[in-house]
Structures are given as structure tokens and as C-alpha cells.
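Look for chain A in each of the two complexes below; its partner is chain B in the first and chain C in the second.
Now for the complex of A and B:
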């Protein structure tokens, strides 16, 4: 037990990071599962982190309320930006969400009441191991339940063939909006949790690099089931720590892993499909 | 004052236009979103710097030499990374993802090797300023405007009047039909990769000279702006890329000068979101039911 306690102490921030990255991977999984590549997750995360941290710092808000607002505000923002983005798909959507993410980052750099480029520090460390992994588990469980439902199948159909799904009567705009909002709320939750375990957040953390890392979690794991992205997040978060001896080349190894997997195994490493309950095989 | 800002803005815009041109060409013809394109920008600047400092060459030799080297690099990387995904239907998405990883790999290697410090161009490079009626041009600004104009004109002439240009446009229009008409697809793809790399690298050298700073990650900021520019101009639209590039450069400079310099970085993306709000196919795009 002493060993476990030591381990937990030394690797505490890594253990938190694995859980938070798992949530982020799920947030991008939600949009990918509907065939929508969003590179704006870092922006949603930033909004969640800043809104919950500001509530905690400036208004001393009740922590669950701060976290809930950290989910609600990015979700509302996602609904707002969906007005121009709902009409876009594929590469157009991906490139536009990069723009949205950058706008969010520049907004926080210029938001003096949130510390500007220096960021916010001294955020109360109210997050815990149980909370982070509890959230991860609930979201993961929710997605498995969802994937087996009628709506989950509709979204999968939308990803595989939009035209065919459309003729079957699937209402794209409504599903797309729902997908974007849910994905933003999960990213916001991850942001709020991260702010309350690391005690510091700054706009530089939420750049394009983060958006790319989040996407790479989901791609490495594969998006045919919700567990894949989480496993991808675990691997890509722990890998740089294992590779500490060659620290200069750690990110290069991450990059190489992504390239090789995407070329030779485009479905992801952990790919299997969830069967619908009661469905005929 | 306003005239001077307009000149500065057009110079910045010219570099954006040059960069976006190669990017949009890659997309329009090769049908892939190649994110390693931003790396060509950094690579061009570094190779030119190396030729000038270690090799002792003049700018006039170093610039084209760096551009040609990066063009060759672009062909090699394109073949290595994207040959496989081009065969599949969803090549736009899978290319985006493959090149995302490759970008991470390339930038990390470059930073590990070269360090993240900003390097300066050799002193006294084209430093002569000349004035026309109260407006000052630095030597570098004149070189940027001249080079960009020459390259843009050259590319348009190539696409419009040569057999190769017709082949390129045919491939962009419909690659299956073009192949059936006897166009050598692989060779034409390689040439387009080469030209794109050339354009990205040239933009990198010119921007490195304009701000007198070269740094491995300079291509990453640029590619984000490049996205905004090529979507504004309409993906794959070469004329749109040039106009949108100059537009964004001008807008950024004017906003920095007359509104707030901190907004400078947001201008391109703000313009992008606002334009897409009213015109989902970009500023000059023909309206379609849906862009995919």
C-alpha cells in the first residue's frame, strides 16, 4: 500500500491528466461519431475552464455549480456558433472550427479581467481523483447506452452515408446541433475539472496544439465505439512520460504514432462495433 | 499615414496571398488537406537562412535555392504520406489526420534540432528605403511586392495558357475524366506538390525577411491564417486565395493601426466566421447547396 501511495503522489498530475484527456477524447468522439470533424474542442475547453474558474475565484461559487456552468456556457456558445457552421460539413467544418478555437484563445488573451495572457492562478484545488474518474465513467457509460439507442444508430447512419440516412427521415440539422452542444459541454467539463486540479490556467494552453492532441486521442483509438478514444487518450498521455529519457523527441514519437496508425490502420487501433440490443445479427 | 498603412497592409497581404495560393492549389488539385504545408513555410525560411549565413550566398540565390529544395521535399513527403489515402474515397479527412501527425513529428524534430529561439536574418539585407510622395518603402517590401506579383502572374499564366496548366485544371475539375483523357496523373500531382512547396517556402523566406525573424513554429501561426484565407477565397479557388490574402493582410494592418493591436491576431478568424455566416461558400464562391 505504501508503494501505491508513493506512486499516486509522484504521478498525481499524470493520473489527473489521463482522466481529463479521456473526457476530451470523448468530447471529440461525439462529433466524430456523427461524421463531423471539429477542431474547436480546445476552445470549448477554454470556455469551460475560464467560466468555472472565474466563478470559483471571483464569486466563491459552490463547486458543483461552477462545474455545471463550465458545461452550460460552452454548450450555449456551441449552439450560437452552430448558426454559421451547421451548413458546413467535412473539411469546411474542420477548418472553420479551427478558426473558432483561435478566436476563443485570442478573446481570453485580451480579457484583462481574467488575467489576459498571464492567465488565472490560485484556483482552488477542489477536483479529485474520484470526481474526475467518476465523470469519465458516467460520460462513457452514457455514450454506450446512447450508442445502443435509436438516436445513436441515427447518428451512425448519418456518419456512414448522409444521403441514405436523409432518405430514411433523419433530421440532420437537429442532430448536428445536439452533437455539437453535447460535445462542447463535455469539453467544458474537462476544462472545469482541469482548472480545479492544476490551480492555474492560461490562454496559451488552449491553442491549436491542444485541438490536435485531442483529435489524435480519438483517431488513435478509433471511433467505432466510445472506449477507443479513451484508450487512445491513455496511450498518448502516458507515452511522453515513458519516453522522458528522450525528452526532445517525445512529441515526435507521438506524431510518428499518429502517422503510422492513420496510414495503415485508418479505423483506429481499438476498433470494434457495439451491437444494438435485440438487433438481429 | 493611411497611405503608409495601406502599403504595409498590402505587403503583408502579398505574403498571405502567396502562402494561400500554394495551399489552395494543393487542396483544389490534389484533393487533400495537407497540413505539412505550414512546415514548408518554416523550412523555406530556415534553408534560405542557412544558405545565406553558412553558405555565404546572396538573397537572390538563397531564395530560389531554398524554394526549390522545399519543393522537392514537398513531393517526397506527399508521396510518402498521402499516396495510400488518395486511393480511398474519404481522402480529404484521412489526409487531414495523417498530415496532422506528420506536422507534429516534423515540428518537434525541427525544434529538437534547431532550438526554438528566434534567429535573425543577416544584417543589412536589402535595407535601403525609398519614398514616393510621403510613403516609405523598405527594400524588403519592394522585393516582397515584386516577387509576389511575378510569382502570381507566372502561376496564372501557367494555369491559363500551358498544356500543363490545362492538365492541372482538368485534374482539379474531375480527376477520373482527366485520367481517361490520357493525363499522367501521378506526374501532374507531383508537379503540383512541387509548385505548392515552392510557393510555401517563398512565402516563408519573404515573411522571415519582413519581420527579420525565423523560428521553427512560424509556419504554424501562418497555416492557421492560411486556413482562414483559403476558406474566405473558396477552397481550391486560386483567384479567391490571392484576393482574400491581400484583403486579410490589409484588414489586419488597418485594425492594428486604427483599432487595437491586440485584435490583430483575431481579425482573420473573425472575418472568416462573419463571412461564412452570410456566405457559406466563401467570399467568391459560387453558391452550392452544401460544401462537402
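Now for the complex of A and C:
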């Protein structure tokens, strides 16, 4: 028991990071599963982190409320940006969402009431292991349930062939909007949790590198099922810690892993197909 | 209700221009309820364009489309499906990574009425609608003659994928079914089975509009036929009239209206 307690103490921040990255992986999974390549997840996470942290710091808000607002505000922002992006797909959507992510980051760099480039510190540490992994479990469970309903099937059909899905009666513009909003809400939740376990947040954390890291979780794990991206996040979060002995080269290993996976296993490493029927049984 | 058949689908002066090209030029026809109507013409005549106009994938420059007495212009493809229009594609468009049952259940989508709340609370409504859809998917797959419904659609032969498309289209409970070259790539025995299948659909009062290049197939199947050439309607009538129509023969074979040409038309 003592060993476990020591382990938990030493690796606390890593354990938190694994859970939070798992949520981020699920947020990008939601948009990828509908065939929408979004690189704006870091931006949505930043909005979630800042809005919940500001509510906690400045208004001493009830924590669950702060966390809920940390989901709601990025979701509303996503709904707003979907007005111009709803017609975009593929590389155009990717480029636009990169722009959105940068816009958010630069906004926070210049937001003096949120500490500007220095960020916010002294955020109350209200997050916990149970909360982070509870959220991860609930989101994951929800996605498995979703996958086995008409909604999950519609999203999968859209990813394969949007035109054919449309002639099957699937209102794909509405699903695109829903996917973007839900994915922003999950990224916002990850941001809110992150702010409340690390006590400090700054705009530099939410740059383009983070957006690419989040995407790499899903690339490694694959998007055939919701668990894949989470496992991808676990591997890519723990790997740099395991590789500490090789110092500065450890992030290069993450890059190499992605390249190798893309060549030999383009569907992802954890790409088991899930049944999309049988929810009723 | 009188005994006279009502019109299931009608197209009036339908026109579409792509830049300087008039792909479909003032085409009109009516399909009575419960009949099988053929749409034929040489390559590039505008048959698939007419299908895309009817199913809402492209917007017409002019003209009107009616499903029964409901005007379809301006409605999105998914709204038209909701109203009772379904189609298959010339180049197969099954969902390759999904199982046969899942493919057909996508077709059920527009008839499955439950909310996200019903799903999250695992309500009886959600469960019963899902299990009905599974049953329906299995019985439609059996109807089109497919076994082993858990296979991936992508693993099936061309002919069997056409059957999946047909089952998927039927799953949306259409009033009017559009079939775009259903016999393309099928061998003679598969074509014969398809013919039987479509005849059974007519027996259950489904209205079918079919584009096809296989003349023997279309002549045996259809109640009436509309012939297009260069986007214009050049003839319409029952199969025997079409076979004997010199304008149609000329469109297909140029000027030589000899016996060989007639033989080619079946």
C-alpha cells in the first residue's frame, strides 16, 4: 500500500495528464468519426480552461457550475464558428480550425484580465483522480451507447459517404453541427479539469502543438471505436516519461511512433470494429 | 378514392444547365402509382442527371418535381427521403466498413423516431424501435436474397452489394423508388433474379423509376418508358411502341434503321 501511495504521489501529474488527454482524444474522435478533421480542439480546451478558471478565481463559483460553464462556453463558441465552417470539409475545415485555434490563443495572450501571456495562477485544486477518470468513463460509456443507436450509425455513414447518407434521410448538416458542438464541449471539460488540477494555465499551453498531439492520439489509436483514441492518448502520454533516459530525443520517439503506425497500420493500432446494432438486446 | 390510378411522381419541364451545357432540357413525365417506369437513352442523355434532380442532389435551373401532390423543389435530399423517396446508385455506394444489417438500418434512419433523451435514459421506446429496425433489416435482406447478415458490405460481390443497396433503399419505406442501372455488372441469372424482385415490389404497389442500359431487361420490366437523348425527351410509350419507334432506333444506332438495329433493341 505504501508503494502505491508513493507511486500515486510521484506520478500524480502524469496520472492526471493521462485522463485529461484521454478526454481530449475523445473530443477529436467525435469530429473525426463524422469525417470532420478538426484541429481546433486546443482552442476549445483553452476556452474551457479559462472560463472555468476565471469563474473559480474571480467569482468563487461552485465548482461543478464552473466546470459546466467550461463545457457550455466552448460549445456555444463552436456553434458560432460553425456558421461559416459548416460547408467546409477535409483540408479546408482543418485549415480553418487551425485558424480558430490560433485566434483563441492570441485572444488569451492579449486578455489582460486573464493574466495575458503570463496566464492565470492560483486556481483552486478542486479536480481529483476520481473526478477526471469518472468524467472519462462517463464520456466513453456514452459514446459506446451512442455508437449503437441510429445517431452513431448516421455519423458513421456520413464519414463513409455523405451524399449516400443524405439520400438515406440523414440530415447531415445538423449532424455536423452537433458533432462540432459536442467535441468542443468535451475539449472544454478537459480544459476545465486541467485548470483545476494544475493550478496554473497560460496561453502557450494551448498552441498548435497541442492540437497536433491531440490528433496524434486518434491517429495512433484509430477511430474504429471510442476506446482506440483513449488508448492512443495513454500510450503517447506515458511514452515520454518512460523514455526519460534519452532526454531531449524522447519527443522524437513520439513522432517516429506516429510515422511507423501510419505506414504499417494506417487504421490505427487499436482499431477494433464495434457492432452498431443490438443496443436493444 | 376512385379506381383511377393516382400519380406518384411527376416531373414538369425539368431543366438544368451546367454553364453552357443544357444537360436536361424541359423533360416532363408522370409515373402512375404502382407502376414501373423506365428511363432510357444513349450515354450522356441525362438519365442520371434526372435522377440526381429528383433525389435532390442537384438543383434544377427550371421546372418542377412532385411526389404525389407535394412539390419537392428546394428540399434537401434527406427531406425528400422523409417524404417517401428512395434511390440506389449507378456506382455502388454501400457503407463498406459496416455490416449488411447496419447498412440496411441506415436506410431505416428516417423512420426511427426516438430522441437523444430516449437513448440516454435507455427508454423502452428506444429499445423497441431499435429491435424492430433490426428485425426489419434482417427480413429485407432475406427478401433480396442475402444470407449471413453480419458480414461487411465491402466483402460482398458486386451483385450482392446491389442487393444491399436495394434492401437499404426499401428500408426507408419509400412510396417511389429510383433505381439507377440496377442490372449493371450483373450476370444473366442475377439479372433474372433482380427482375423477379422488382416485379414483386410492383405487386406491393411500390412505384419504381428505373434507368437501365440492358434493353431486354427494361422492355420486360417496364409498364411505360421515357426515352431521353441529349437531355430532351424524344419518345414515351409502352415497351412495344418504344421498340418500334424510328426516332428511338435512330438515337441509339444512328441512321441505319435496318433489321440489325431492331434486333439490338430486343
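In this section, the second predicted complex is superposed on the first by the 276 of 281 C-alpha atoms of A that agree within 3 Å, B and C clash if a C-alpha of one lies under 4 Å from a C-alpha of the other, contacts with A are read in each partner's own complex, and residues count from 1 in each chain.
Going forward, contacts are C-beta pairs under 8 Å (C-beta built on N, C-alpha and C of every residue); 3 or more make two chains touch, one makes a residue touch a chain.
Remember, predicted model here, so these are calculated numbers, not experimental data.
Q: After the overlay on chain A, what do you see for chain B versus chain C, clash or fit?
A: Verdict on chain A: chain B and chain C fit.
Q: Figure out whether A:125 sits in contact with chain B (first) or chain C (second), or with both, or with neither.
A: neither
Q: Looking at chain A, does chain C or chain B touch more of its residues?
A: Looking at chain B versus chain C, the one contacting more residues of chain A is B.
Q: May I ask you to decide whether A:6 touches chain B, chain C, both, or neither, giving the answer as first, second, both or neither?
A: A:6 sits against neither chain B nor chain C.
Q: Kindly classify A:149 by the partners it touches after superposition: chain B alone (first), chain C alone (second), both, or neither?
A: The answer is second: A:149 touches chain C but not chain B.
Q: Where does A:157 make contact in the superposed view: on chain B (first), on chain C (second), on both, or on neither?
A: second
Q: Does the superposition put A:81 against chain B (first), chain C (second), both, or neither?
A: First partner only.
Q: Looking at A:60 after the superposition, I want to know if it touches chain B, chain C, both of them or none. Which is it: first, second, both, neither?
A: It touches nothing on chain B or chain C.
Q: Regarding the shared-chain residue A:166, is it in contact with chain B (first), chain C (second), both, or neither?
A: Only chain C; A:166 stays clear of chain B.
Q: Measuring by CA atoms in the overlay, how small does the chain B-chain C distance get, in Å?
A: 10
Q: Provide the residue numbers of chain A that touch chain B in the complex, in ascending order.
A: 37, 81, 83-85, 87-92, 94-96, 98-100, 102-103, 106-107, 109-110, 208, 212, 215-216, 219, 248-252, 254-259, 261-263, 266
Q: Give every residue of chain B touching chain A within the complex, in rising order.
A: Answer in residue numbers: 27, 33, 81, 84-85, 88, 92-94, 96-98, 100-109, 111-112, 220, 224, 227-228, 230-231, 235, 262-263, 265-266, 268-270, 272-273, 276-277, 280, 290-292.
Q: Any idea which chain C residues touch chain A in the complex?
A: 55-57, 76-79, 81-82, 86-87, 89, 93, 95-99, 101-102, 105-112, 114, 116, 119-120, 122, 126-128, 130-131, 133-134, 137, 168, 172
Q: Can you list the residues on chain A that touch chain C in the complex?
A: By the definition above, chain A touches chain C via 142, 145-146, 148-151, 153-154, 156-157, 160-161, 163-172, 224, 273, 275-281.
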